[in-house]
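Pasting the structures here.
Each of the next two complexes has chain A plus one more chain, namely chain B in the first and chain C in the second.
The block that comes next holds the complex of A and B.
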C-alpha cells in the first residue's frame, strides 16, 4: 500500500508530476468534450472561483481546515494499515457532540461553552472511532464495513435530531437547526470567511501529527505494527490496542473538524455537516503517498477545486461534481504512475 | 409491522427490489471468487445506471441501454484489472478512488439528463397469466430483470460447483501460485472474472435506472447500494444462494421501512431509509461469532448446532485481496 522509501531523484519526481498533470488535464478535457462543454472556460472558471478575491481564498481556507484535520487523522490509521472509511460518521458525531455541549442550559459564558463544545467534539469523534475499532478487534467486522455501517447510523441520528428534538420551532426541515447565537460563532477577521481559531487548530494538529508520527516512539510503534503485526506481537506490543488508539486519534481529529463545521462554518447543525470531507481526505492522503509533508499543499489544492467548482452550475450550466472527477482522476493517475514505475524497477 | 401490505404484494415488492441488488452482489461474488476485490461497486452502479439511462433515452432502446450499462461497468473493470492484477497496486486503494471518481463522473455527465422522462422496463405478464390464482398473478408479474436475477443465481451456482472453468476460477482465488504450477494463467483468469463481474454490476446498475427506480437524477436513489452489495458478498459467504438470500433480506427491510414510516410519523423518512444499512452490517458481527463458535466446537452432537454451523459457515477465498506476482 505504501510507497517504498526510495530516494527519488529530482528529475524523476518532476517527470512524474508533469506526466500526472498531463494525464489529469487530458482526462478532464476529454470528459468536458464528451459533455459538450467549453474546456478552457471550465478550467478558467474553477481557477477564478477559487482565487479571484480574498473572500474566495478565505473560503478555500475554510474548506482546507476540516480537510487537513481529517487527512492528518487518517495518517494514524493508515500507519497501522487500517482503512478508516468511518471518518465521515466521526465528523458527524463530533459535530453532534459539539452542538449538544453548546445546548447545555445554565452556562452563560460563551467562551466556556465553546471550550466545552471543543472537548465534547473530540470525545464524540473518538468514541465513534473506538466503536469502529471494537467492531474490528472484537466483532470481526472489517473496518471498511463497520465504518460504513456507523456512517449510516450517524447519518440517521443527525437527521432524527434535526427533525426531532432539535428542530427549529415550528418547522423542521433539511436546512438544519436554528442558528447559534452570535456569541457562539468563532470569530473571523473582517471580510474573511475562515475562523482564526480554525486555522490555528489545524496548524497545530499538523505539527503535532508530524511530531507524533515521525519523532516519537509511539509513531515508531504504529509503523512497526503496520508493517508486520505478527512480529510486533513477539516484541510485546499488542497490535489490537494500537489499532484502537490510532482510530481514536483519527476520530478525535475528525471530531474537531465537526466542531469547526458547526461553530465556524454553518453556525448550526445541518444533515450533511460532514460535506464529504472525510472521503475527500482519504483521497488527499492517498495522493500524498501517506506522507505528511505533502498533505497541507495537496489539501489546499483539493479545497480550491471544491470551492472553485461551486460556480460551474450558474456560469456554465455544468454540474459541480467536476471537482470530484478531477480529484479522483488525480489519485488514479498517481497510482498509475507509481504502479508503472514499480513494475519497471522490478523487471 | 407492515400495515397495508398484503402478503403477495409484499413478496412481489421484495422480489422487485432485490433483483438489481442480486445481480450486483453476484457480479462481485464472481470477481471475489477469483481473488480480486472490486471496491468500486458504489460508484460503478451509479455510473452504469447513468450510462444505461442516457443510451436508452437517446436510442429509445432498452436493450441497448442495458448493454451500455454493462459496458460501462466493464470499462471500470478494465481499470481495476489493469491496476491491481498487472500493476499489483492495492485493490482497496484503487477501488475506493475509482468509486468516488465514477460517482462524480456519473453526476457530471448525467446532469443534462436529470429528472426527465425516459424509457422504463415495465413488469410483464407471465404465460398462462389468466389461469393463475390472483396472489400468484401479483407475485409473478415482474420485470425481466427479476427473472434474469433468479436465472443468474442458478447459473453461477452451477458454474462454480459443476464446471471445470468454475473450478479453475476458484483455485486461482485460493492459491494462484499452485494454479500457475498446474498450468493455469492466474492473471488472465482473474481479469476475465473481474470483467465479467463488472459487466454484471453494470447490468445491475442499469436495472436501477431503467426498471426499479426509472430515471436519472442527483441523487438517483441507488446511492449506497454498492457498499451493501459488498457487504452481502461477505454475508453470503461467497455462495450465490446465500448472497441472493441476503439481498432479499435487505430488500425486505427496505420495503418494510415504508410500513414502519406509517407507524412512527414523527420520525423522518430518511431515518428509516438508512436503517437497513447498519442492520446488514451488524448481522456480520453475529455471523462472525457463530462461525467462530462452531469452529471451536468442531463436530458437535447437537443437530441444531450442526445445522446452524452449516448455514453460517463461510470462508473467504484464501488469496482474496492479494495480488499475485509470478516468480
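The block that comes next holds the complex of A and C.
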C-alpha cells in the first residue's frame, strides 16, 4: 500500500521556486555580461526601480493587480485542464466593454458610470471567454487555437475603435482615445499610483478563488473534471458545462483587469491595453504549480521585475529591449523547472 | 536462465510490502506465483523488471548477482514481461508493434520473422492490421512474439488470461509450454488455480508479503488455498434463482457503434430482480449493451426503454433521467470511474446529489469512515483513490453505488480480484442490495456467469446469439455460442 497523499509536495515546491529564482538570476547575469553591462549595478537598478520609493512600490502594485486577477482567473481553466490562451483577448474585451459603458450618454453621475463600467467589463470578458468555450465544446476547436484567433479579433476590434468611432477629435493615434474626465478616474491614495479599489478587488478575488477552488463543491467538481472527464459522467456531471463555467469566470477576472487598466492606469483606451499581462499570468500560474497560495508572491516578483527593469535604459543606458530579454529568461527558467518537475512526477 | 530471489524485502515508508522472500525459478520451467490481491506478487515482479528498487536482499541470475536498476537493464539481461493490459501502441500496425525494441530494421526480415513465429505458435495475425482493431488476446499474442523475438530468456506473465477468450487460452497454453521446452524460464503470476495447475511444474505462494508455501506438481488445491488465504474459502453452492417482477429495461432493434463491432439488431427485455450475465468474446457487444442501458452511449437506431420511458437520444438528457435509479461500474476503474488524485472523502462529496453552488465540502468524512469499515476498504479517508489496490478500488466503487438503484450495470465486476474479494463483491450485490434490484453484468469468466446469474445473454459479433435461463444451458453450449457456432 502506498503512502497517503499528504503535504509531500511542499518541500519540492520550495525547491522548485528556489532553483527557479537562481536560474532567473543566473541567466540574467549571463545576458548582462554578454551585453557588457555591470551585473550588480543592473540588479541594483532593477531593485531600486521597483522598491526605492512609495511611488515605485505603488507602481509595482498597479502591475500586480491585473496580473493577480488574471492569474486567479486562469486557475479555474487550468483546473479543468483548459489552456486559456485567449485571456489576452478577454482583458481587451473587458477594457472595451468598460470604455463603452463609460461613454453611455445621458448619465451624469460618475460613480454610477463606474459601476456600470465595472459590470460591463465582467460581461465583456466573460462573453469573450464563453466564445472560446463554445468553439471548443460545440465546434471542436481546441481552446488554444480558438483563444488565439479571438485574441486577434479583439486586437483588431480595439484598433478599429481607437482609429475609428472612438478616435480623438481631429486626430487618431496609437496613443489611444481621449483621456477620461478626471472624475471617472478611480481614486488613488495621495502619492500612490494604484487605485484603492483595484487592490480591494484583487484581494477579494484571491480570497474568493481560494474558497471556490479549495473549499467548495464547485471547486471539487472542476478538479474532478480536469482529472478524468470520462469518469465525471458517472457522477452526473457534464464536463462541457463546467468548461464553459470555468472559462467564463476566467474571462470575468480578465475583464476586471481590463476595467482597471482603463479606469485606474491609462484613463483611456490604448491599443496594447492588456500589456501582455494575460500571457505573463499564464507563466505565473504555471510557475506557482497551479497553487493559489504562491500566486500573490510570484505575481509580485514578476510585477517588480516588470517595473524595475524600466529603469535600466534610463540609468545604465542599456538598450530597452534588455528588460524584455530578462523577462524572457524568467519565462524560460519557469518552463525548464516545470519540465523537470513533470519528468520527476512521471518517474 | 536460472533466477534466484534471496531474502528480498521491500518497504514503502513504514509498510512492508515484501519480507524475506526467497524463491528459485529454473531454466525451462514454468513457475507459478500465486497469492490474493495485495500479497506482493506485482511488487516482486516490478523489482525483477527494474521498475522498482528493492529494500534488501539479492537477485541472482545464472549464478551472478544482477543489478536491476532500470527496466532497460532488465531487458538487456533478457527479462521480459507480458502485462495484464497490453502495453502496445494501438494506432500502429501489428508489424510495427512487433518491431518495437528490436534492433532489426529491415521490414522484410521482420515480416518474415513475425510470420514464422506466429505460425510456430498457431497465432493468426495479419501483419498490416491496425492493433486497435484487435482483441486483447490477439494483442497479447503480438507482445509475446515480440518478447520472444527480442531474445527474452525470462518471461513474466501477469494474469495472462484476464482479457482473453477460452479459444485464445487454448492457443496460448501450448505456446507457453513450447517456450519452456525451448529453455525459457517462465514466471506465471496468477490467482487462478486451475491455470496454474495446468501450466506450472512448481508453485510459490505469497501472503502478506511473505512466502507461505512452496510445492511441486501435482498440486493439492485446499493446501494452496489455505496458504493463499489463511483458510480455505468456502465454495458456495449455485445461487438460487430470484423472483422477477415487471419489465424495467427493454431494447427494441437497437443498433449502436461504440465498440469494435458495435451492437446490431438487439431486442431484449429485462425484468425487475433478474440477474443477467453477459457473455462473449472481448468486444463482441457486451460493453456497448451496458453503456446503452447506462445512458452513456446513444443508439444509432432503435429505442432503449427504461422504467417504461424511452431514453432521450442525447447524452445530457439521458444522464439526467438515468441518475436516480441506475448505477454503472465500468471495468476500467481508474480510467472511467475514479479520480486517481482525489481523496476517498471527496469521491463521496462528488457523489452527493446536493446542488448548492458553494456547498462547503469535507462534511462527508464520517460517511467515508463508515464506508471504509462497512466495505473493508484498506485505506483512510484522505487516501487518493489511485493509491488503493484494484480490489479496494472495486470496494470503493460499490460503496459509492447508490443502494436505492433499481438497475445495477457492472462490467467485469471481479476483474483483477482474488477469490475472496470476488466472493465478497457478489455477496454484497446479491445479499446487501434489495432483491428487486436488476443486475446486469459482463464477465470473461464463464464460471462466474454460470454461478451467479439467473439468465445469460451470449454476444457474438455484435449480435445476441443466445438468450437462456442459466439452468437451461451448459458451459459447452455457451462457449460454442461465443465463438459463433450454433447448436
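Going forward, the second predicted complex is superposed on the first by the 299 of 347 C-alpha atoms of A that agree within 3 Å, B and C clash if a C-alpha of one lies under 4 Å from a C-alpha of the other, contacts with A are read in each partner's own complex, and residues count from 1 in each chain.
Note that a contact is a pair of C-beta atoms (placed from the backbone, for glycine too) under 8 Å apart; a residue touches a chain by one contact, two chains touch by 3 or more.
The structure presented is a predicted model; accordingly, all values stated were derived computationally and were not measured.
Student: Comparing chain C with chain B, which touches more residues belonging to chain A?
Tutor: Partner touching more chain A residues in the overlay: B.
Student: Answer with first, second, both or neither: which of chain B and chain C does A:185 touch in the superposed model?
Tutor: neither
Student: Looking at A:220, would you say it contacts chain B, chain C, both, or neither? Reply first, second, both or neither.
Tutor: Touch status of A:220: second partner only.
Student: Can A:51 be said to touch chain B (first), chain C (second), both, or neither?
Tutor: So A:51 meets neither chain B nor chain C here.
Student: Look at A:228 in the shared chain and tell me whether it touches chain B only, chain C only, both, or neither; answer first, second, both or neither.
Tutor: Touch partner of A:228: chain C, not chain B.
Student: Contact-wise, after the overlay, does A:164 reach chain B, chain C, both or neither (first, second, both, neither)?
Tutor: In the superposed model, A:164 contacts chain B only, not chain C.
Student: In the superposed arrangement, which partner chain does A:210 touch: chain B (first), chain C (second), both, or neither?
Tutor: The answer is neither, since A:210 touches no partner chain.
Student: Would you sort A:43 into first (chain B), second (chain C), both or neither based on which partner it touches?
Tutor: So A:43 meets neither chain B nor chain C here.
Student: So chain A touches chain B in one structure and chain C in the other; where do those two contact lists coincide?
Tutor: 1
Student: Show which residues of chain A lie in contact with chain C when the two form their complex.
Tutor: Contact set of chain A toward chain C: 1-6, 211-212, 215-218, 220-221, 223-224, 227-228, 230-238.
Student: Over in the complex, which chain B residues touch chain A? Could you list them?
Tutor: Where chain B meets chain A, its residues are 39, 79, 83, 86-90, 92-94, 96-98, 100-105, 107-109, 111-112, 218, 224, 227, 230-231, 234, 266-268, 270-271, 274-275, 277-278, 280-282, 284-285, 288-289, 292.
Student: Which positions of chain A touch chain B when the two form their complex?
Tutor: 1, 31, 34-35, 83, 85, 135, 139-142, 144-146, 148-150, 152-153, 155-156, 159-160, 163-164, 172, 271, 279, 282-283, 286, 318-319, 321-325, 327-329, 331-332, 335-336, 338-340, 342-343
Student: Can you name the residues of chain C that touch chain A in the complex?
Tutor: 12-13, 15, 17, 38, 296, 315-316, 319-320, 323, 328, 330, 334-343, 346, 349-354, 356-362, 378-380, 382-384, 387, 389
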